[in-house]
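I'd like to ask some things about the structure below.
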């Protein structure tokens, strides 16, 4: 019963099979492998963006940092949500890669709103050279609290950015989960919605470690390539990144995985929703649940070996009815049986 | 007939098998996986260094940059050979990770000598705060020209560093090839020879993409962990790095691979050595040959589909007897048959 | 009638006279001048800190950035008020000098409170290497809104910092104004209150351009010297910085200037306080007033040539009674006559 | 008898008088002072460059670092002479301000030659993203060894840069001394010779501390302004920088000073040239002499209180005839009497 993170489960067997296939014979290094040509073609087709520049890296922090560094001058500030991964979970990687840009938090909630974004931009009055200059807007989709921006919401955010002449970046570590939730096309969730650059996640959704960075304006390509090399993120044996992404995109593996994970999360949410003392902090929309459950419920789950993050409080002692906050994440691999066992254990 | 690089060949089947084994069930991320505990134990035993701090990253540039950044202040200069990978082939990654440190080139030859190192250190008179301050010494073993420092040479270099109170780093992207060439122990080639930190390569010697960074003084561990995370180099699904390194170290795979590559290189060198018009720029000591061959020889090899780097000159036209420089690299997977075919083609 | 900033007025004649005196003959450069020895002795005596390390730079941004960079690792976050100069008015200089550290805003008000600081620190749960690590606390005294922390308030803030093992920095661009307001000793307002490093301002209080950075722990001295040189902030003809600071400290010029400026501000506040439609945003405590005045009042003042910042709104047209926010700053040189004329004009 | 540096002498009385004049009344800060308008007009006229962007900073390291950072991407390398100030005497400031660019040394002599520059550029084969990318060429005029590039030499160097599409920067810390030596116009020595950006020194030639940065392409202006602010180099009381530069340029003070210094140096060189045991390391061309003098000569000079740098060796004991290297620098203020006394002392 592992719900700690969607980086804890296994990779799809298809991914491993692809590595094995890619392991035949010799290949040119550093992105000049033939499989990467396929990946470029796949993503351009999927995104309906024949000119997009496509790059692979191994981690999500890297995808975000390099994409943002390419769009940000060091004297600028990046607008993001207060719960954005780039703000809370990357140990200052965006600040490092941009050479010292700032992050300005738009709003107090998980999901950035146009009003909060506008207020944040206006709050960063630059007053000539004195204040930080306004830089790109980074939107997280799925958010860190499991929320999905609707296409209307995305369009409204990018409209504010455009009004101020700012670029936009989508942190899509859970891109596929958002897409499955919205039932739209990749183009609709990105460039048709005004997004300039995307971190397109693979790692959390069934790969071993691969993310694509996509710029819809190919003018950014060469600078990104240099930044990736200089950051140590250009793989000599690049074919093993290519192979993962190739298999991830082939036969809809990526959307199948995300659909499974979202469905698992919905089943879990349905089973927990009406339990006494259980309340959801956010309405689950993809594969993540933030909820409160009574201490006694946590104790039963922990005793049964369930693995997940309890966000605050001492689970071992105290009022058994006191609700303690927790996060539950479903990956592609979790089974209905596991979910049902978790729910039964929670019911007690 | 692929001799372009030791990053062009396949990974060992054992590495793939290890990934498959590691892909069972759930695992904690970010280096907290159980396989990483094994890797730490393996490397501490192999290096006879029970307190060493051990960290995995995916690329050699990363291993070097993060190791050096941990040992270097931004106002210092790193002493290295003019042909060092950190100087010539990392697009300023060491400068980036150190926050703007300089590299000072010691000597004009491939292999750093104690005299050249001393002259370089003395040349960087710091004159109070004015000049760059003296930072660590980075030694490449195997060098970029295929040379191997003897233990005496290593000890002599670190003695100079120690005299000035400078730390020492070993770029061991081809650590195993050097070890196989010297026939010594890992401890003898590192801490017993005065080395403080090692980039211990796996990628070029049969892995897909994994390098260990080893500090013999564990006081550096936490800073390195923070630098790795901030650089985007901490893998969430870390077990796939651990599994590669675990398999690489198990059953002597790493030394077997290196021994094979070195033997292949020796066979290749022996076959080419006495051909008319062929001369070696450096005496091959590990798995790399720098040589000159007549244009006509190159033309025969290229026509037969041999892949390797011609370092200068136009191979397609000109005096057939004119010698053109080239680099030939053997990896673990090259067969005697391939080498013999290369030699036969060269003979014509 | 110039109330735009305390960087708009002339320097004291004593400062100019000191430059003239210092301009005799030859002097060693880069801080090795004899006048700097005097400055060190003066500041150590004034601060009752015989071991303090003392350094001069020319601007306040530099003093803050270099002091903070010396106390902060790039993967850390600096805690400061949301209105701190380092956050709002230095175009990411602290982020630049620290190599990419973050700033975490403590509270929503101008003056940092212990509760807000504690909440901010607790909010930066580091979760291992994932979040920004906790760095120093920077307190602005006088604040950007003209408020002065009492000694009790300062002690309470540093107590929180100490509880978490964090260093503390005082941005004292208006150090003398705060000291004059509190009537305490420099030691009481700094190291006796738990402060580790001080930006001790001269520029805004009658100098041309000089600030001292003081570390009470001299272990920071050498790193600061290197950072200053590397930042281009070490003056070759350093005696002209030394001479300014020497004259500023001699004969209590610094406290006389601050007392004058504070008295002028009090006179101005008293004259404006009870005017119809006038309200103070903050109770003036040093030499800065933030207030609202009716548009008509602004119009009279602007017509009479008064120079100051109107913080929002269109002064030229609209309801004459509508209050518009403004900032008024008094420097050492403003005369009672000017203040009275300003008040009379405001009265109309 | 002070010949240690041209940063050791007094400023011209005109500079002090200008500060006193500038110290009247109130002025807008941060470069918006009226005197700065004058400075812009002066420099544009002097350089025959009506569109040039003009910026003031207080130190030469700053001028060089900010100018180069504006022209250099972090993944590039700057080409300069091995004795360039930016390489030897700025404690990695260029590396810091560029965010980690490299410096590539062109040649082994003091004065960069076109052949050495071409060889250095060719040596930095970029091989795609792997090597450092080629960045600007920085030429020092007067060189650190007192040599002056002729207009032909400058044009030949910039022609090589242009051939590779590289920008060019002139480190003119001693711009006026070079101009006086060549007897040409500022335009001829800069944009007419293919120079894109100039560090135009005032500090070493009679000012207290002011340097202008001039870009002939005004497209660089805004980025420079942001970099200056972010570096802490924008003076709030900017009028005191403006006033120095205004007075420096008025009434040809700058060229008078340089002519005096060069003449003093010529007189000194003439007096020392034929002394027994004296040899010049470089033929003096501006205001700096590098020479060898017998130990006994040094001993007499030191005993008489002469101040200058002995570059190597122990002056106090050893063979009295052994020549020891030294540097002698003449500033604008040194008198004929002082020079003659130095020569007489040297003669003994």
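Points worth noting:
Think of it as A, B, C and D in the order they're written, each chain with its own count starting at 1.
Rule of thumb we're sticking to: contacts are C-beta pairs under 8 Å (C-beta built on N, C-alpha and C of every residue); 3 or more make two chains touch, one makes a residue touch a chain.
Please read all numbers here as calculations on a predicted model, not as lab measurements.
The most distant chain from chain B is C, comparing centres defined as mean Cα coordinates.
When the contact pairs of B-D are set against those of C-D, A-C or A-B, over half line up by residue number only for A-C.
Work out the mean CA point of chain A and of chain B, and you get 34 Å between them.
Note on chain placement: the centre of chain A and the centre of chain C lie 42 Å apart, centres being C-alpha means. Work out the mean CA point of chain A and of chain D, and you get 51 Å between them.
Annotation for chain A: residues 74-75, 90-92, 96, 99-100, 129-130, 133, 226, 229-230, 234 touch two or more other chains.
Touching chain D in their complex are the following residues of chain A: 30, 73-75, 99-100, 128-130, 133, 225-230, 234.
Contact residues of chain D toward chain B in the complex are 74-77, 88-92, 95-96, 98-103, 127, 129-133. By the touch criterion given at the top, residues 2, 4-5, 7-11, 13, 16, 19-20, 23-29, 57-62, 65-66, 90-93, 96-97, 203-204, 208-209, 226, 229-237, 240, 307 of chain B touch chain A in their complex.
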